[in-house]
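The same chain A turns up in both complexes below, where it pairs with chain B and then with chain C.
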Partner chain A sequence: MDDIKVDLELDLKGLLCPLPMVRVSQNISKVPVGGVIRATATDPGSLADIPSWARSTGNEIIKQEQEGSNLIYYIKRIK
Partner chain B sequence: MAKELNKKAALVVMSGDFDKLFGAFIIATSAAAQGNEVTMFFTFWGLRALKKKVPTGKSLFGRMVGMMYGGDINRATPSKFSFFGLGRWMFKKMMKNKNVTSLPDLRQLAIDLGVHLYACQMSMDVMEIPREAMIDEVEACVGGGFFVEQAANADFTLFI
Partner chain C sequence: MTPQANARAELLELINSKMNRTLKYYLDTCVRCAICKDACHQYVATGDVLYLPAYRAELIRRIYKKYMTGSGRLMPKLFEGRDPEDDVLLDELYKTTYACTSCRRCMFWCPFSIDTSWVLAVAKALLLATGRGSEILTQLADSAIDKGKNIDLYTGVIREVLKGSEEEMRRVVQDPNAGFVYDKKGADVLYVALAGTHTILPAAIIFHEAGEDWTLSSFEGSNYGYFLGDTVKAKEIAQRIVDEAKNLGVKEIVMSECGHAHRVMRDFYRMWAKEELPAPMVSVLSKVDGYIKDGRITVTPGKITEPVTYHDPCQIGRNFGLFEEPRNIIRATCSDFRDMTPNRQKQWCCGGGGGLVAETEFDDVRLKSGRLKADQIKATGASILVTPCENCRLQIESLNDEYNLDIEVSAVLDLVVKALVTKST
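Right, the complex of A and B next:
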């Protein structure tokens, strides 16, 4: 699981609702289908919002981790 | 597995309050980010969200409305703790300190995400607000019939 190839890094630290989710949605088309975005947010609201965005748009969060206050999402573009 | 996209949302924004406009634009941008096609219909006090900072009104009453309810989205005051503008200043400061996106920026974000903005023609007539006093991004000035059609075809509707 540790060798996930990341196609795009998104720094969403300090952004609040709805921006972390919006920035993910604005950037998903920048990676190819099957590509991965690693997004780092600090807003705890993103814990609900980003998975919800993935369900609504048919994309997938393949890994999620927390380092201190950083919430890190590995988001795979499915379509 | 993946659900079909392009659901539709239709929002009526009747309030011009600072807090309610925040709610309206946050929901609209969130819905757009999740792949919804979003229509916002601004009526009566809500027209403030689409106005430019220009004087409006032709008749005495129209000019009075223009003076007392003039200004653009930046002049919106909170529905509680208004205190003649002090509340607006306080909330703006608190939100800025916490890095919350400002109302004009949220509106721009909505525009960037393709949210459709419509203004209520009748409210504009009553309040004597001409089309030129509205921001260019307003797609059209429409009536209740147009909104009902949008709402009937929407997956969810909100009245704010």
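Right, the complex of A and C next:
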């Protein structure tokens, strides 16, 4: 898990919900199917928004972690 | 019937099912006087006929006339009759419908009070039925519904992250026992915030100081199903809060600073669900204005000395009727309040409503049409812009960059916290 290949970094720090989720949605097509976006947000609302977006669009959060106030999501494009 | 005729019949049935007396009045009455052209910020800023309110409604009117009126059936060409499955019409309808911010400024100007945004609700139903609903608004609505179904997965982790904000609350109110209140049965107030802590912390501080018996909703007030125009999804999203209010047995549902959430809860939920709310919905602005007037909280008069101006969010001002409560709060806390011109019912839309701040495909018209708001703000010479709506704040932040406004954008409750004389002092 520690050596996940990241295809695209998204800095979503400071953006208020729903914009972190909107930015992930806009960028998911920029990585190939099977590719991974690492998105770093700070709004706690993203803790529900991004995973529920992933589930309802058929994509996958393969790892989620917190570093201080940074909420980091590894989102794998499934389709 | 051919598949095409079948599809047409289904779409016409859908439109017909929405045709109540009010809507027929809107479609039959327009005299094409074009007075509404001066009311729509998008038309005024761009001059593009696509954004002329009467033209937006005209696209639906052409289908209505051709299939649902005797004269239109006899002489469809005279009324430029169109078919509901016509791709060219649907493409145009998409651009004009999802661009509309539902500000209803055009209705206020129209001599017959024609509500173009109401006609466009039919357009949205038609677009959804033909697979042309806004993709991002669909995703936002679907993820809110998913969150509602799986809320137990999220509450623990969200409340853990909110502990930092609770620390901040204790520091401000100087009470080691203060904190956010969750799942409190029988609380007087269910406070419905937005997803971020910026709409929770100021309210929590004020509730604490007012001695309010409150509890925090697990759900955000925003409702992208409403912007999408999908009333089934919109109802399901609002239902999460209604069910929570029922389960907890609260006395009031207090809505945070979010324009469309006010209208969804007070005006639309009962239409969609055909039931009343389990408790009255009250704006947090009315609550806090009442706390100040009743002496339940104390603020230092004129504490904020920088020039402050106020933007009436369309969904809180013109469409909900709250004009004075936020102004009372501003006057109680700021020494230099400068209202914009025009204001209240005539306030210009900021350009970011209707879900536009999330729909990047409309960035161009959103930023261009925001010029009117930017000019209004500049004319006040204020350095702080206050507005009680998240969409408006996000839009005015973009206008800040686009038009070099050099203005601080603030929520109303933030002013109260800045001027608050806490009980500990």
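Following the convention adopted for this analysis, the second predicted complex is superposed on the first by the 79 of 79 C-alpha atoms of A that agree within 3 Å, B and C clash if a C-alpha of one lies under 4 Å from a C-alpha of the other, contacts with A are read in each partner's own complex, and residues count from 1 in each chain.
As a convention for this text, a residue touches a chain if its C-beta (ideal position, glycine included) is under 8 Å from a C-beta of that chain, and two chains touch if they have at least 3 such contacts.
In this text the structure is predicted, and so the values were computed from the model without any measurement.
In the overlay built on the shared chain, the residue A:A48 is in contact with chain C alone; chain B does not reach it. Once the two complexes are laid over each other on the shared chain, residue contacts for A:K79 go to chain B alone; chain C is not touched. Residue contacts after overlaying the shared chain place A:I4 against neither chain B nor chain C. With both structures placed on the common chain, the touch criterion links A:L19 to chain B and to chain C.
By the document's definition of touching, neither partner reaches A:V33: not chain B, not chain C. Of the two partner chains placed by the overlay, only chain B lies in contact with A:G58; chain C stays clear of it. Applying the stated contact rule after C-alpha superposition, one finds that A:Q66 touches chain C and leaves chain B untouched.
Put simply, chain A uses residues 16-19, 21-22, 25-26, 49, 52-53, 55-57 to touch chain B in one complex and chain C in the other. For chain B in complex with chain A, the touching residues are 1-3, 5, 26, 29-30, 33-35, 98-101, 109, 113. Within the complex, the chain A residues that touch chain B are 14-19, 21-22, 24-26, 49, 52-53, 55-59, 78-79. For chain C in complex with chain A, the touching residues are 136, 139-140, 142-147, 150-151, 153-154, 157-158, 161-162, 164, 194-198, 220, 222, 224, 357-358, 360, 390, 394.
On the chain A side of its complex with chain C, the touching residues are 16-19, 21-22, 25-26, 43-49, 51-53, 55-57, 66, 69, 71.
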